[in-house]
């Protein structure tokens, strides 16, 4: 069976695991107060071009999103997101559990539009009953989006400007950030993101780590963020494990290198699927590919190729998501190509 | 100036106030443990045809909605509502502050549709990732709706059936319930509502009381509801004040009588507005009337007639809400008619 | 039966009720945007000597405490209170429901001590693991306390100094504030309180109103406090009712006048009880009196005099609380004296 | 430098890491739906003698405590704990962040007493104002406690009986459970615990794993616990990592074996410290040892031996905690002994 279901089916990049093995019996203090974390933070600051950034390590995406959002908002404020945003759909109400509403705007290819954001905010503050409503308190977006798409630099810059006018912090969910940075048509660099956002995170779980996300606050984070993380159950006792993984990933450009591999594999995957009559549902430049499979194709793949059904279609077909990752092998794609040619 | 902005511009029905005056120096125990509350509960149970119902008195709608919803839901559950539902729009995130997501469905004339509810629930539980999503835990609807419209008995019955299949409690927000019961085309009685819903409230604030809402749980309420009310700050120290008001309102049919007056006034209001060239935006059988005012009409009313702008229109006109209440006087409508004829 | 159970057994002071009656059919906008509220706020600002103060009206004590505390704290912060503080004991966890821990210190006659507060804070911030603990974020005290006692000006000033060193807002729960201001030995005036506290409330429910508390933020309140109140279900639709009551109470010194009456009644009550062999449990200068009743005395009072059992004693006696109020009549005390002489 | 600060200074037991290495590139589905988790759950069920138990894997102690407590309580309920309980002290208010009060009872050697628990509950439900107070909803205890002490089987059985009378779930925090099971004087087995508690967790982070805690609900857990975990950010994407670690630890008795080693090391440590004039502060049979160090001893250890200062003493001495773990080596203790003899 060939698996393309998601980008977290394997463990960690071998270099990460090797380092874990070598240092396993070293002793260090807990909760992130160790030299591995210090080193990893320093490398991330350099990669972001932000010597003053505050960096924190958490274990997974849902807890990272909840902690950052809780860190910024006052109780009566909500977070603006595209209706397809991960926090609005697949995090079991983690934001609401912190007391905050997710204020949704329509998505366009999974993205927020600066223009719509601006119109919404303008209308909100003009509404005489706005004091009776959840106040917009920050903006969340994901890059790559849940549909694998990317913001152009110009798009993010315009969103940034709207945020600035309304004094709303801008938070970028980078669960798959590597695959966004490494995409062909990408024009947003890590430095761009650090200069345009108030907070973002560099996903490790889906990009080479066993687990772990690195939150970056380029201009400093919300007061008391460590204690808030602790309260959320998001502080790892053996914090060193997080520091070590990001230290390896940010040494000699490994994070980008493995991301580029995943994107190259995704490009190949896309070609194979198109050549075999599966139209794209959306044109994604990153490691997630969305194609339309008809009934016959689903039957052919049954029991041989595993993917995620994104949406069932009335005719028995489906929109399917295929994901590659740092761990996808050329031979897997070759096998897929062969299988489809038969 | 003639005011038609809302249905809570005056104090209480004179009979209510008179009773407050007469009993002012009586001594009673606090928090609802008094004979006025006992009597009012008994009368409400009778009016609902539910001798076993549990009844609680709270001070206002937002706190009532939040307490009932918090009372029913487990932390990972959300409440289904029409996107126009009051809890989703004008309660400043009170439900989310309790940790719960409002799961919205499209509204049709302000109403939920049984069919759409059913399709949503079916799709939700078929989705293999549903365990990662907020679980639907109850259904909220308002009657009359925020648009003044009413559920037919058949509509509510079908929603009830969907709720039953999925074991979801059904909660009806009756902030303006009197005006719904008294409407011309209404075919839902208080007894019907009590037999179809797991919880509902009988609005006092907008229907003759100074303030107060009576929550009815026909088959008994969630465990510990009094303590939950206390935690929400929704227990009035001088609970007698709430009991007394509902006692008066539910004596000799006063609640329905004053509601009928408001509806009659609304009917007259609607005629006046239509006869003077203001088309209806929605056809409401209750005390709230929504009409389209063009620019010229708005100018004519300026400084003479006060109403609520529901939605601005690009051409300078507006959708306007006019509300009558138990306190609306015939001479106010006569004055409006004169003014529009000039 | 003579009732001394609490200070909220009757309705409102007749002047308040009279004014409600006179204005009942006046129309006004909702949610506190009316001239009664404006006027009451202005009078309260004057009485406090704070022309810049922000004033808000809420319905009851629990919701007021929760809203103010939620307004000030960040999610990982708690509120320091005496272990006997109302928020720690009798509010059903309203503060915790907002996500915040109540950090308790021992009480001395119901009061916090500046010295203990200082030692606690010093130790907290010296503790190397303090980042793993709930951060002290504000200080709550009640005046009069739950035991009827009062802070001396010098005590409150010293607490204020500790708060200032640690930048902790100081919040005074004045549910019975009038009875504190009117006490014989009181040396804290309303102006003192306004100059020493960041937030406090002037209790109406127990001091002449039907219901209502006036929160005062002498130097301005937390951002978005109105929306936070709305979210907490603490905004009254007919906000005018709150403004009107405080307008009456703060006209011609009525609030203090009726408070002085209650305190005089309490003084007389205390004498009667002591002269009849009931030792004081605590020496309270305000409207709540705590005495020790032995078994025999409890039997004598049974069915004739009602009071609150504060604490059962193993010998069948009890610590009992007797409360007077603005509504206590001289003849009630005369009746009590007669009854005890028999 | 010799480090005895805590039991999570190293990585994982080599067998755990070896298995991670071997399986690193295997593909598996996320979120715990993999064969490693299945296998580990089965082994844990067998070790507990509970074939019907539900088992869940989480990442750390704070999030586990919060999730289990949130899973059991209704909003107006609190959790009873010793005042020294971890949830009350060092979890930054994680329980309160879920809306629940921690209801504290005095600790005796870090333990709750059945008798005190019973008296508290009896008094609570006899109090006529109990409906205004946080309702006791479950009981939390830690075993070993924060002081390294253990419950005797008879003690836990009596607590269980009190819980049963009041229908309160009993939850045991086993962050260091292995060290409790392996202690000399222990008479509580894993099967005992499973038969006496409604929920408990088997700590991995401090007992041989990189991270991870296994929650066991012997009679089945609260409804929807997986979604609640997800909401709390407590579901690991690569859930396999947790299953795999517990699979290794529960194969061939490894968990108990390495725990016994730690306890043997602690016994040796205790002897060394006592023989060198450091009196015990508390007599712990597990891996944490608490001794009193005088000023001179602290000076001697300075820069050579690292431990945790539990409490500073006015004379410059301190109560110190020394912890051993599965990773403590005999030569470390030999080095300590030599150093103290010099």
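Each chain carries a letter (A, B, C and D) given by its place in the written order, and its residues are counted from 1.
In this section, a residue touches a chain if its C-beta (ideal position, glycine included) is under 8 Å from a C-beta of that chain, and two chains touch if they have at least 3 such contacts.
Remember, it's a predicted structure, so these values are computed and weren't measured experimentally.
Chemist: Would you mind naming the chains that touch chain A and likewise touch chain C?
Modeler: Common neighbours, chain A/chain C: B, D.
Chemist: If you tally contacting C-beta pairs, which comes out ahead, B-C or A-B? Let me know.
Modeler: When the contacts at A-B and B-C are counted, B-C has more.
Chemist: Using C-alpha centroids, which chain lies at the maximum separation from chain B?
Modeler: Relative to chain B, the chain whose C-alpha centre sits farthest away is D.
Chemist: Measuring from the mean C-alpha position of chain B to the mean C-alpha position of chain D, what distance in angstrom results?
Modeler: That pair's centroid distance is 50 Å.
Chemist: Using mean CA coordinates as chain centres, what's the chain B-chain C distance in Å?
Modeler: Comparing mean C-alpha positions, chain C is 33 Å from chain B.
Chemist: Any idea how many Å lie between the Cα centroids of chain A and chain B?
Modeler: 42
Chemist: Can you list the chain C residues in contact with two or more other chains?
Modeler: As it turns out, chain C has residues touching two or more other chains at 75-76, 91-93, 97-99, 132-134, 227-228, 230-231, 235.
Chemist: Touching chain A in the complex: which residues of chain C?
Modeler: For this pair, the touching residues of chain C are 31, 70-71, 74-77, 98-99, 131-135, 222-224, 226-228, 230-231, 235.
Chemist: What does chain A use to touch chain B in their complex?
Modeler: Chain A reaches chain B through residues 75-76, 78, 89-93, 96-102, 128-129, 132-134, 309.
Chemist: Which of the residues in chain C come into contact with chain B in the complex?
Modeler: It is residues 3, 5-6, 8-12, 14, 17, 20-21, 23-30, 59-64, 66-67, 91-94, 97, 205-206, 210-211, 227-228, 230-238, 240-241, 327 of chain C that touch chain B.
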